[in-house]
Structure formats: structure tokens, C-alpha cells
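Naming follows writing order (A, B, C and D), and every chain is counted from residue 1.
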Amino acid sequence: MSKYQHIQEEAYAANMQLPKLGLVLFTFGNVSAADKDLGVFAIKPSGVPYEKLTPGKMVIVDFEGTTVKGKLRPSSDTKTHAVLYKHWPTIGGISHTHSTYATAWAQSLRDIPIFGTTHADHNTVDIPCAPPMDDTMIRGDYEYETGFQIMNCLKQKGLNYEEVEMILVGNHAPFTWGKSAEKAVYNSAVLESIAQMAWLTEQINPEAGRLKDALIKKHFERKHGPGSYYGQ
Amino acid sequence: MSKYQHIQEEAYAANMQLPKLGLVLFTFGNVSAADKDLGVFAIKPSGVPYEKLTPGKMVIVDFEGTTVKGKLRPSSDTKTHAVLYKHWPTIGGISHTHSTYATAWAQSLRDIPIFGTTHADHNTVDIPCAPPMDDTMIRGDYEYETGFQIMNCLKQKGLNYEEVEMILVGNHAPFTWGKSAEKAVYNSAVLESIAQMAWLTEQINPEAGRLKDALIKKHFERKHGPGSYYGQ
Amino acid sequence: MSKYQHIQEEAYAANMQLPKLGLVLFTFGNVSAADKDLGVFAIKPSGVPYEKLTPGKMVIVDFEGTTVKGKLRPSSDTKTHAVLYKHWPTIGGISHTHSTYATAWAQSLRDIPIFGTTHADHNTVDIPCAPPMDDTMIRGDYEYETGFQIMNCLKQKGLNYEEVEMILVGNHAPFTWGKSAEKAVYNSAVLESIAQMAWLTEQINPEAGRLKDALIKKHFERKHGPGSYYGQ
Amino acid sequence: MSKYQHIQEEAYAANMQLPKLGLVLFTFGNVSAADKDLGVFAIKPSGVPYEKLTPGKMVIVDFEGTTVKGKLRPSSDTKTHAVLYKHWPTIGGISHTHSTYATAWAQSLRDIPIFGTTHADHNTVDIPCAPPMDDTMIRGDYEYETGFQIMNCLKQKGLNYEEVEMILVGNHAPFTWGKSAEKAVYNSAVLESIAQMAWLTEQINPEAGRLKDALIKKHFERKHGPGSYYGQ
């Protein structure tokens, strides 16, 4: 039995949630699960259809992006995952999809405004959209730079990756993360729902305003922090 | 056998309808079923996935919001249900979802205009959207106050909870109710359909007008009241 | 064996297509199948869920709208069906739904412009939207008058029911018909698709123009008339 | 065993993907698979429901559009397929659908702007929309001329069919192609997704700009050409 089996199984289960939740077409998504003690993560192999995945096909990669174990080539977005795991010590999973509504916001180069409590249950701020990187970075080590594009955007907006677990990469698509691969995928689905409802809100009322602070605070604290009372 | 089994089974069956009808993502919804003679209701436990629910996991709560029986914590919206049962003597079920289109209208802070007979088959008025409560109430007993926010909105618009069985809570999401939990869920689905069609109607014709009174009256009376002739 | 069994089975099969094609929520639709020689049609009973229907529950009604056989009350829209069968000798089936996009157009009180060949494969004209009837007719024999509302709209626009097998009843929802109940339901699904694509077309290009005459003629004649070459 | 069995099975499998991917209503689509050595292709018979298809029902047609083998009439769009196979030596499959979002763009007579990397993963240019053909051509050999309409549009825009494997036929619907029938259907699904996201992008930000050149180049080259590193 491989010492990586637990993260391969976690990554496999999380990847298989993407088509079930309607978040991917064909192979346009990838999820990884990390073991911080071992300093590696398991990630979907590139371009392999979900129905042909098995836990054993998950590729083991270290936080520099080097394949440690596995016969298949890892996801083309692997270096983005590696950079985030290396710099964000408390996350255990990352999910990347091209889900319809979140991707449309990313293509629009707009943050998703916080319009309601569904959003506030998960975040206290507008979902950030990272601006496209400059051409030098694109021509360089693109997927590696995408990791920094994500981190820089949070930094510039004064956001903490432990509080804001989702971002839109401008002109590209969303990335989400969390303490586990399962939580990262959960965040992908929540983001897609928030993105669809925010679009509809502006359609129904172009003058719709952001949620007021008292409601943002109340709903976020219902689910998070010392006084939370949601869940078991 | 518990004396609460009938409402636990009713609440369980009604909660399980939410994912089947496409009205919830993950655990973002809850339905309760009341026994007015016993002075209690059965409600979904907080944050438990639908596929792990059983009738026995439904929590029994009285009309002050105090848990009477059950090992799990009840839905975080429990006090809203309690307030409504306490003040509205003839309802037997309440449903709360974050369904996409109804929630978008709630986030838009607009009543849903009555545009057609699908709407008039169920209501004679625009679906009311309760304005957000003031900050003092939010910081106080929030879910308890949400019950009053709902009742006050109906009162201010001169509406009767027995005739209008649905409302949008501004910046939050819809609540619906009825003589049974099943009817409350039916109303959640009807509201979602009305909300989607009203949005599309305004997209297709920004000048679309409200349904005229004669048609509102005719369609509502086909389904309701002494001269109704819909159903068996 | 009942002499009505063939139309009961035809009506049953056609009604059961409505939920499969995503055209109805709950019981918001009804299909009938006529036997012109016997002077009757079989129609869905009112308010009975689709999963509880059987061929034997289809109610037999004559062309005056009088129930001939059946223990259940027929659809509340029965008189509309009766009027159309009485006046249109060559139709064998009628379908009525509140399908989302077609109903939104009906609520918008707009004809659906002919924008492409999907539309032209089935019709050479904009899908007509009948204006709401006047209040006296609404207060009178409403469902009976709906039949005349439909016929009058075609007449005023110079359209023939054998060529145009679908209409929007203003502020209400679509009715479709055809040589059989199966064809009527097929037309309901085609209309819903055309309605969705026409809405999107105007969203993408508010200046989008109607299909030109040569293409309308070509596509309609591929599927209809002496020189048609679609199908087997 | 027929010498055409391999393309019949390929065409059958590809056609059956259309309803699974949600790209067709009823029979509104057709896929073909060619054997360039034999100078023929296998194509869906006209108007036959997908659930009644078998590999043996696929009709064998040569590149002039003449049926070589098969008892059923081939798709009404057969001549369009024949023209493209005749002139484009390296393609092995063609797919035609009336998928909702791509068809709406075709009806809008607009190219689909390249807004993001999902698009750039497959194309480096806006998806071309061929203008409607002139009336003389429509009245002539319409489906044959549609093939030239497609080729002329690419030519006028300076595009190569090996690099751009999809097009919108103005006022009609999309055609896609590729090295195999499976790849052609894959392209139909990709196009539908791109079309939906492009529509949403303009809804969310009417001023949304095209993807910048460095990103177009980077993403296309990740999946295509000598330095590609996507897939196995």
C-alpha cells in the first residue's frame, strides 16, 4: 500500500464530484488534495475523462511542481496548485473549474458584488477577480505565475486566504481552496451558485446595492468563528 | 413509538422534496411540519446533508423555539419557523430555500409583479419582498426577528397569510408556508417558477404590464374558494 | 374493452411526455386526443399528478364539453379543447402547458419573431400571441371563450390552423395542436425551444432581424408539402 | 461483414452523444464519419429518433452526395457534409446541431468574441458566423450551397479549417468538424459552452473586451502544436 493512498483517494473522490455537481464539461477542471507533512499533493492527470479516473491514476507532485510518483502527466495547471500549497500553510485542497457563471464573471473582469446572505454565509467581501497578468509573465512560466497572480490579488485587496477561499482569475476561470479537497469542491459549487444569482440580481434590478454590513457580519458569524451556530 | 412520529415523517418527506425539485444546493434549505395541538413542530437538523436525513433525525421544537426532543441541533432558522407557527394558527408547514430565481428577486429588493395566470392561479397580488430589518434587530435575536420581519411586511401591505403563502425576505431568500409541509414545499416550487418567468417577461418586454384584474380574479377563483373547479 | 381505449392510451402517452420533456411543473399542463368519428376526446383529469395517471383515468368528453365517460373531473381547460375540436375538423390532438420560455413570451404579449431556420422548419410566420379577451368574456364562460380567443387571433392574422399549429394565449400560456396528441406535444416542445432561442437572440443582438423570405420558404418546404425531403 | 461497418459504428456512437450532451431536441442534429480512402461517409438517416438508431441504419454516401448503401434516406443536410469532405482532405467527421446558445448567436448574425481561455484553448479567433447566402443560391441546391457558404466564410476571413473547426451558419445553426466524428461532436459541445459563456459575459459587462493576444497564444499552444503539454 502506497503512503500516498489517502490523498489519492481524497483527490479522486473530490474530482468525481465536479461532473456530479455540473461544474465541468469534458476534462475542464481539476482538484488536488495535499498532505502537508509529506510535502506533496495528489492531482488529476491531464486530459483524462472523469469516467476513466481511478484513485491510482492521481499523480503525486511536490510543492515545487515536480512529479514524485505516477505514470501519467499531471494536470496542466499543476504548478498553480504547487505554488499555493507552498505559500499557504493551512490549506489541504484546491479546485479549478470552468463552471459557466463563475467563468463568465471572470471573463467580464469584474468582482462579484455581495448581494445577499447566500454570499455572506461564505464570505464577507465581493469575490475578487484577479486582473490578467502582464505579457512577460504569460510568456514565462505561465501556470507558476498564475499562482502568484492569485496571491498578489488577495494581497492587494488586503484579503486573507483563510477567510476568502475563492477567486476569479481574470479572463480565465475560478480557483477555490479549503482545508480539504472536499471543501475546495464545495466552494466551487457555492461560487457557481453565487455567480448565477449575482448576474440575475443585476438583471432584475440594475441598481441593486451591496448587502449592508450588519447582515454581512451576522450571516458570516452564523457559520464561522467562535459564536457560530450552523451545523452540528 | 414517539408521539411526534407523524410530523417527523411529514417533515422528512417534505425536506427530501427540495433536492428533487432542484430548489437547494447542499444544505441550503429547511422545511418544518407542525402539530398545533401538541404545540410543536419537526424541523430539519442544521447542516445535515439531505442524503443522510432520516425521519428520526428531525428535531422537535416548541413554538418558543426550544428543542423538546432530538439529539441534533435544529436548523439555524428554527426561531423564524417558531414565530410564524405561534402567530399564524392555521398553518401546518413552512419551507425555506435559497432557490436561484426567487433568491435573485429577494436580492434585488423588488416585489415580483403579477404578469400572468400561473401567478394568478396561486396569488392575487405581487409576491411581497420584505425590506431588510434595521441594524438593531439584526444584531439582536436575528432569526426571531426575521419572523416579525415577515409578519410586519404582510401587515403593512394589508395581506393575509392564509391568502398569500409566500414572501421574499429582502437580501436573503424566500419563505413559503401552507396547511401542511407538503403544501409549503409546493409553494416553494411554484414561487421559483413564477420568479423565473417574471424575470424573463421583463427581459422580453421591459414595458410588460401587470395582469388585469378580471383575469386575476378569474384564475384565482378557479383554484380557490367556494366556486373553484380545479382538481378532484 | 371500451370503445374509447385507443384515445385514452394516446392521451395518456402524450400527457406522460410533458414531464419527460421538461414542459410542466406539477400538474400545470394537459393533453387530449380526439376520435372525430366518435365525436369525443380523451383528456387528463384535473389536478391529478402525472405519476398517478393511468390510461383508464383519462376522461371522455364530447365536443360540447360534456363528460361522456369517466369518474374524475376533466381538466379545467376542457372547454377550450372542445371548442377547437368542434371547429377544426382535421386536428386530432391538443396540448397545453405553462412551459417557461413560451409562457414568458405570452406574459410579454409579444409574437415570437421568426429569427432562424429552427423556427422556419415548423412555421412560416411569427408565432402569434392572442391579446387578452375583454372582461365580459372573462367573467362569462372563460375556458369556452379561450377557444374563440385562439380562433379569432388566427383569423385576424389571416392564419390557417393547419399551417400554424401553435399559439400563445396572452398573459396565460401556449396551446399547440396537430393531427395527433403526440404531434401536439411535439409542437409544445418545439415552441419552447424556439421561444428560448428567440429570447437569447434579442439579448445577443437587440437589432436582430427576421429571417428572410427565401430561407423561410426553403426550410418550411424541406419538411412540408409535396416537395418535402425531410424524414423517411 | 460490410466494409463500411467501422464508419457506421463511429457515426452511430457520435450521433448518440448528441442527446447525452444535451445538444439536440428530437432529431434536430446529425453527425457523419468519413473514410477518405473509400471516398465515403456514414451519416444519420433523416428524421429517425435517436433511440431508434442502430449502426446498420447509418447511410453510406459518397463525396458527391450520392447514396452508396442503405435503405433509409440520409440526413437532409447530407450534401453539406459531402461538399466539406470533398474539399477538406484531412477531416474525418462533421457534426451539425441546433444547440440553444450557438444557434442563438447564429440567429443574431454575430461572430462569437473570444473572451477567455476556454475559448482560446480551442481557437485563436472569434468563432465566425457565415452571412446568409443570397436568394439565388437558396432557391438552387440549398444544402450543397451551404457547404460553399461555410468554405467561403473561412476563406474571406483568412481562416484555415484545420485550425478553426467550428462555424455558425447565419440564421441557421452551427457546424463543427474534426479528425474524427467523435472530435466533431466534442467541438459541438465546446462551442455550445463558449456560446453560453460569451452571452453571459456581455450581460455582466457590456464593455467586456477580447482576450489579449499573449493569453490567446499561450492557451492555444498549451493544447495544440509541437510544444503542447495538455493531455497524455
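Just so we're on the same page, contacts are C-beta pairs under 8 Å (C-beta built on N, C-alpha and C of every residue); 3 or more make two chains touch, one makes a residue touch a chain.
Just so it is clear, the structure is predicted and the values come from calculations on it, not from any experiment.
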Inset, instruction - Mind listing the chains that sit against subunit A and also against subunit D? - result: none
Inset, instruction - Specify, for the interface formed by the sequence copies subunit C and subunit D, whether it is same or different in terms of residue numbers shared by both sides, with half as the dividing line. - result: different
Inset, instruction - Tell me which chain's centre, taken as the mean of its C-alpha atoms, is farthest from subunit C. - result: A
Legend entry - Distance from the mean Cα position of subunit D to that of subunit C, given in whole angstrom: 33
Legend entry - Whole-Å gap separating subunit B and subunit D, where each centre is the average of the chain's CA atoms: 46
Inset, instruction - Would you please write down the residue numbers of subunit A that are in contact with two or more other chains? - result: 203
Legend entry - Touch relationships between chains, expressed as pairs: A-B, A-D, B-C, C-D
Inset, instruction - Over in the complex, which subunit D residues touch subunit C? Could you list them? - result: 25-26, 28, 45-48, 72-73, 76, 98, 100-101, 103-110, 132, 135, 138-139, 142, 171-173, 199, 202-203
Legend entry - Interfacial residue positions of subunit C with respect to subunit D in the complex: 115-118, 186, 189-190, 193, 196-198, 200-201, 203-205, 208-209, 211-212, 214-215, 218, 222, 229-232
